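The same chain A turns up in both complexes below, where it pairs with chain B and then with chain C.
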Partner chain A sequence: MIAYTLRRFLALAPMMLLMTFLVFLGLELTPGDAVSFIAGPEAMANMDGSQLAALRESLGLDDPFLARYFRWLGGVLRGDFGYSLTSGVPIARIVAERLPATLELSAAALLVSTLLGSALGLASALNRGKALDQALTVAGMIGVSVPEFFFGLVSILVFSIELKWLPVGGRTRPEYLGLWDRLPHLVLPALVLGVSMTAGVMRYARASMLDALGKDFMRTARSKGLPEARVDLVHGFRAALAPIAVLIGFRLPMLIGGSVVIEQIFQWPGVGSEFLAAVRGQNYPLVMTIALLSVLAVLAASFLVDLATAALDPRVKLS
Partner chain B sequence: MPERRARAGRSRLDGKLDRIREAEEAGLLEHARGSRALRKMLGNRLSLLGLAVFSAIVLSALLAPWICRYDPQKIDLRSVLRPPSAAHLFGTDKLGRDIFSRVLHGGRISILVGLGSALGAAAIGILLGSYGGYKGGPADRAFLRLSEVFMAFPQIILVLLLVSIVGQSVSNLVLIFVATGWGSIYRMTRARMLSIREEEYVQALRAFGLPDLLICYKHMLPNALGPIMVNITLSTAMFILQEAALSFLGLGVPLEIATWGNILNAANDINVLARYWWIWLPVGSVISLFVLSVNFIGDGLRDSADPSQLG
Partner chain C sequence: MKKIASAALLAVFCLVLGAAPLAAQAGKTSPMADPRVRQAIAYAIDMKAIVDNLMSGKAIVANSMTPNGAWKVAGLNGYGYDPAKAKQLLKDARWDPNYVLDVVYYYGDQMTVDLMTAVQAYLADVGVKMTFRKLEGDLGSQLWVPPADPVNGPSAVKWDMAYAAVAALSMNEYYDRFIPGGASNSHTPADAKLTELIKATHAIDLGAQKKAFFELQKYENAVLPEIPLYYQQVFVVQSKRLDRAGAPYGNEQFNYDWNIVKWDLPKDASGKKVLKTNGGPVSFFEAPFLNPGLFMSTKVLFDHLVVADASLTPYKGQLASSYKVSPDGKTISFTLRDGIAWHDGSPITPEDVKWTYEFSAKVPTLNAVFGSMLKALEGYQDYKEGRASEIRGIAIKGRTVTFTYATPDSNALLCFSQFPPLPKKHFAGVDPLQFQQAAFWQKPVGSGPFMLKEVSMGNYATFVPFKQYFGGTAKIDEIQMYPSGESDPNFSKNAAAGQLDYGYTKSVEDVLALEKLANLKVTPVDIRYTRLFFVNKFPKP
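Moving on to the complex of A and B:
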């Protein structure tokens, strides 16, 4: 297992390094003065031309490209991403402020899609070929076809505006801060994001369950005279669960992409809406940093998924 | 108990096979003609339905200038925010523009972007992937690594990043979609070619001394095309969804040009969302229906191209 972990890590590290290099290249090629990006707005305001030139010199902006890259990389590793072009706030602080909201939404959506997806997939597999299975398959197709944001708009119209059950958007009312008070705000965006990811989980859970149902141990369990429900749910579903667990890791890119759109519709103050604002304002340092963080998160997640798969199924290590 | 299980285990498919056998024994079956894949696809009710909806939407978008009574861009401040009526089937928007006309004309751009991007991505992916899978070599390894880089990003993040750099226009959007989308078709084609490469007929062609390009593109590629066609169909659906999302966010096609996403952009306003449903609900439904029909077609194609995926 240690050798396998090391091998996977040796595949992961160059990829991550390549990503940081590409993002740095992007930062260098996009417009926006590197001095303002590194020095911060307060320092910039009180300087004339010669001071700026001296600053460029002292910051090493006239150094060769690779030297600048490694200095930037060193900063990134210490959590220093430079400053936002529009507000002058350190990017690390912006992300740190916004991340909890996004994590909250993502975790809730992950929970919704996992529970709903595996339950529906299980029901579909146990009724293979019957009306329920076919209805769920068609429902799944509809689920991947309706745009997430349109689904979000319709739910706002129905649940917030017409029925007035839930707030229209935002994360909290100003006077409350506890999770319990925020819950009504979380319900709708989490359900919309979760349900829009459910179809994929359901399809996967169904295939995984069908695979488990055909295994010999299922016949053994039946021949022992166990009740049908116990055979299906305990013996079958548990065996089907391992690949479903893997799927949770692979949903991360969808989750990140989906949360950008959903955060916008529900005015959820997370990293996604900050990213959109940065794209609109051509605030390249912020755009690049958030893109870098998201791709690093995806790479790290797929690394963890590989390890989890290997831990669950020893045969994987040999391939 | 066992009999009950046996009966419970019988699916719709079993019943179908029984009926076919009965018909065969009675001598009712004719010899099948035409392409097996085509026949199979036409036998799939959902993909037939998909094909019908797809054709209806594509045709009405193509014929939009002849169907519509109103210019999609014409501002008419005397009839602003009218609900649907006989004069304006889907009503009018804030500037008095006819929404039905905008939806049909918008479909032209949206479908063009989706289909164009999918075909562009497929052309690059197939061209590189088939030769890479067949011959290998350093260029193939470089492309493989490059596609990994593109595919590691959550797609919408990468698309938005590129939009912020190159700016918004229809052609830029297609270029960005092609740049971010070629990887999956490349990898798929490559994988298919890797397995086809081992087949005997390829060895035989090689032994005859046929040029590599001919073996690769003329003799091997057609055998790899089935799943690739499915992939092209599904990526058309994906690109249409992405264009809609981007334009809805105001970051896709410039707002002056009517597309499905741009029409929906009006629903960013909570007032429009709550009170003027006809501005956004019909066009959202059209997008959903269109993408659904493409997905049904893709599903039918998958079943007919790869029988092992059935059930």
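Moving on to the complex of A and C:
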């Protein structure tokens, strides 16, 4: 186990280097740079070449591509993520301010989708071919097909604007003091994101449970005289959990990257909306840091999935 | 035989005549250099139909760069839709039907694409082929690079027509960009008459200035150095519970005397008068040297030396108790009010004023009008090039700051009504090249009627009345600013949810959505905002 963990972590380094290089290269190939965003076309029209050059130099944009990449990488290795080219705020501070919002929203959505998806998938499998199963299958198809932005807008229209039950957006308000005050802001985006993700979990859970229901050990459990509910939930559902855990594990990076669409629609000040703004503004230190964290999250999630699979399925050995 | 020879000679003659314009289009001159072509394009496009349908009537058809109003001469040709006339003009100009106009734009909205599609169809109807493309990346280098030779070219940009907007602070901003060799003149070769007319508009005397603009507009209307399309209005949106205390509706994109201190609204459940608005900061507060009044935060945070009326004409002191302009326009003196203070309680001093305008001279991202005003100051060049530690043309005597100009600038007073003094002590060690990135813009300290109370970037910012404000304490207890802007669906969404007491937009989509809300009043205001085609008249390399 220790040797496996060590090997996985050693493999992380080259993968991360490659990913960060590719992201940096992608930004480099995008037309324009941060100066064209900061100044805008009208201001640039009134700036002479030397002013533009001085501005680029002050932001460190005049160096060659590789020099800039390795300067950024060197900084990261020393724990210095640089500062935002547009606001001058240290990247570490921006991430520290934005990440809690994304974690809050994504964790709530993951919780909703996991609980709801697993429960509905289980119910669907246990009622295979019946009306409930068919209804849930149709609902699942709709859930997979309807884009989350549409679902978000309809929810705002109904619950915020028409019924006025929940706030229209934002994470907090000036007069709010704690999490309890802020909770109404979280409900709608978390439910929209969670329900959008539920359909996938539900379909996966159904298929996995149906697979488990046909296994020999289920027949053995029944032959031992165990109640049907215990057979289904303890024996069947536990075996069905491994593939579900894989799916949920691969959604964990969302905790870091956030949902750009939902954060935009609900004016949620998280990492996703900041990332979008950074990409538009060619704010490479911020883009790179968020990309780095996302890559780390993906690799960590993959590792966690391996561990979870081994824990849930005795046939899987980590080696 | 003689007949054959004559016919042959005639054929050669016709060939030469016919080929000449084509040869010209191939390299020596631009096909767009012929005014008849530009006139034909203006006649070919039915702007009224476009405004009525595409913009739902929320714009005004343009016949000049200058918007309608006191600064525009009467009787200009409107170039109403007349495809037959367009065809005739193109025929007279020997337009090559195989030439494909390259039209560029940089807006990302659907309406721009729809407009380009409509224009393409109108031009096709009169035999002009056109393609259009959105520019990405470094726009300045694709749009506004002047050619090395401002008389003959060749062009340093690739396009034939660029769809753009001019949001002018001063009237001169519309036309100065046509002066040969200017930093943004990538499109118009030297035209002695045009240059002379533009220069005349810089007269210090208001009457002479207006007369010069009238003459310029007549020439502009005749030769069409650009093709004006439509004027955008700004739409002021306010909740029906807000009382503006009779304040006029002006150009909300700049600063004018809107008397926000007197604005009032009913108390909410908590017993406070809270005004909710948009434009809250996402990651920083905008510095006011490029767009001095575009953002609500700069409007309420900063006062200016003088204040302008709703038509942007400076008319009385603000931070200055009095001001004096010399008859030749070369000297302007401001005497600061006694007892005025920054929001941190420290006094506003003449040194703050002098420092602000000296510092701003080294900030690269400056508003064009502001930059020109600074350049006209005595000793500007020595200071800019490091030969002097301060600008000779800014002097302090007691509480009076005097600005002396090497050449009078007709927009100087206007600039002092828009670009505010800043507190010097908060900018110690700040690199002018990274002005916007200074820590100050995370929590700015201003001089206006409201001071920043709290900010949560991307969430909200709150402002409370500044008790030491010389103009009295505002009636509103708190301004809450939430981050949404023009053409942002969150703007109308917040308004529908009752989260908007005041805001403004130029977006037609926003206006159409907001007009449907019963709790809001939408007021259109004419502003200096012209949409047009810049026409590249230089030959392509």
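Keep this in mind: the second predicted complex is superposed on the first by the 240 of 319 C-alpha atoms of A that agree within 3 Å, B and C clash if a C-alpha of one lies under 4 Å from a C-alpha of the other, contacts with A are read in each partner's own complex, and residues count from 1 in each chain.
The rule is simple: a residue touches a chain if its C-beta (ideal position, glycine included) is under 8 Å from a C-beta of that chain, and two chains touch if they have at least 3 such contacts.
This one's a predicted model, so the numbers in the text were calculated from it and none came from an experiment.
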Which superposed partner A:250 touches (first chain B, second chain C, both, neither): neither
Chain B versus chain C as contact partner of A:161, first or second or both or neither: both
First, second, both or neither for A:88, with chain B first and chain C second: second
Partner chain in contact with A:47 - chain B first, chain C second, else both or neither: second
Which of chain B and chain C A:273 touches, first, second, both or neither: second
Contacts of A:144 with chain B and chain C, given as first, second, both or neither: first
Partner chain in contact with A:170 - chain B first, chain C second, else both or neither: second
Which superposed partner A:30 touches (first chain B, second chain C, both, neither): both
Partner chain(s) touched by A:287 [first = chain B, second = chain C, both, neither]: first
Overlap of chain C and chain B interfaces on chain A (superposed complexes): 30, 156, 161, 168
List of chain B residues in touch with chain A within their complex: 11-13, 46, 145, 148-149, 152-158, 160-161, 163-165, 237, 241, 244-245, 248-251, 264, 267, 270, 273-274, 277, 280-281, 284, 287-288, 291-292, 295-296, 299, 311
Touch list for chain A against partner chain B, complex: 15, 18-19, 22, 26, 30, 128-130, 138, 141-142, 144-150, 153-154, 156-157, 161, 168, 252-254, 256-257, 260-261, 264, 275-276, 278-280, 282, 284, 287-288, 290-291, 294-295, 298-299
Residue numbers on chain A that touch chain C, as the complex places them: 30-33, 35-36, 38-48, 51-52, 54-55, 58-59, 83-89, 94, 97-98, 156, 160-161, 164, 167-175, 267, 269, 273-274, 277
Contact set on chain C toward chain A in their complex: 106, 136-141, 143-144, 167, 177, 183-184, 270, 282-284, 290, 364-368, 371, 431, 433-434, 436-439, 441-442, 454, 456-460, 462, 478, 480, 482-484, 490, 493-494, 496-497, 499
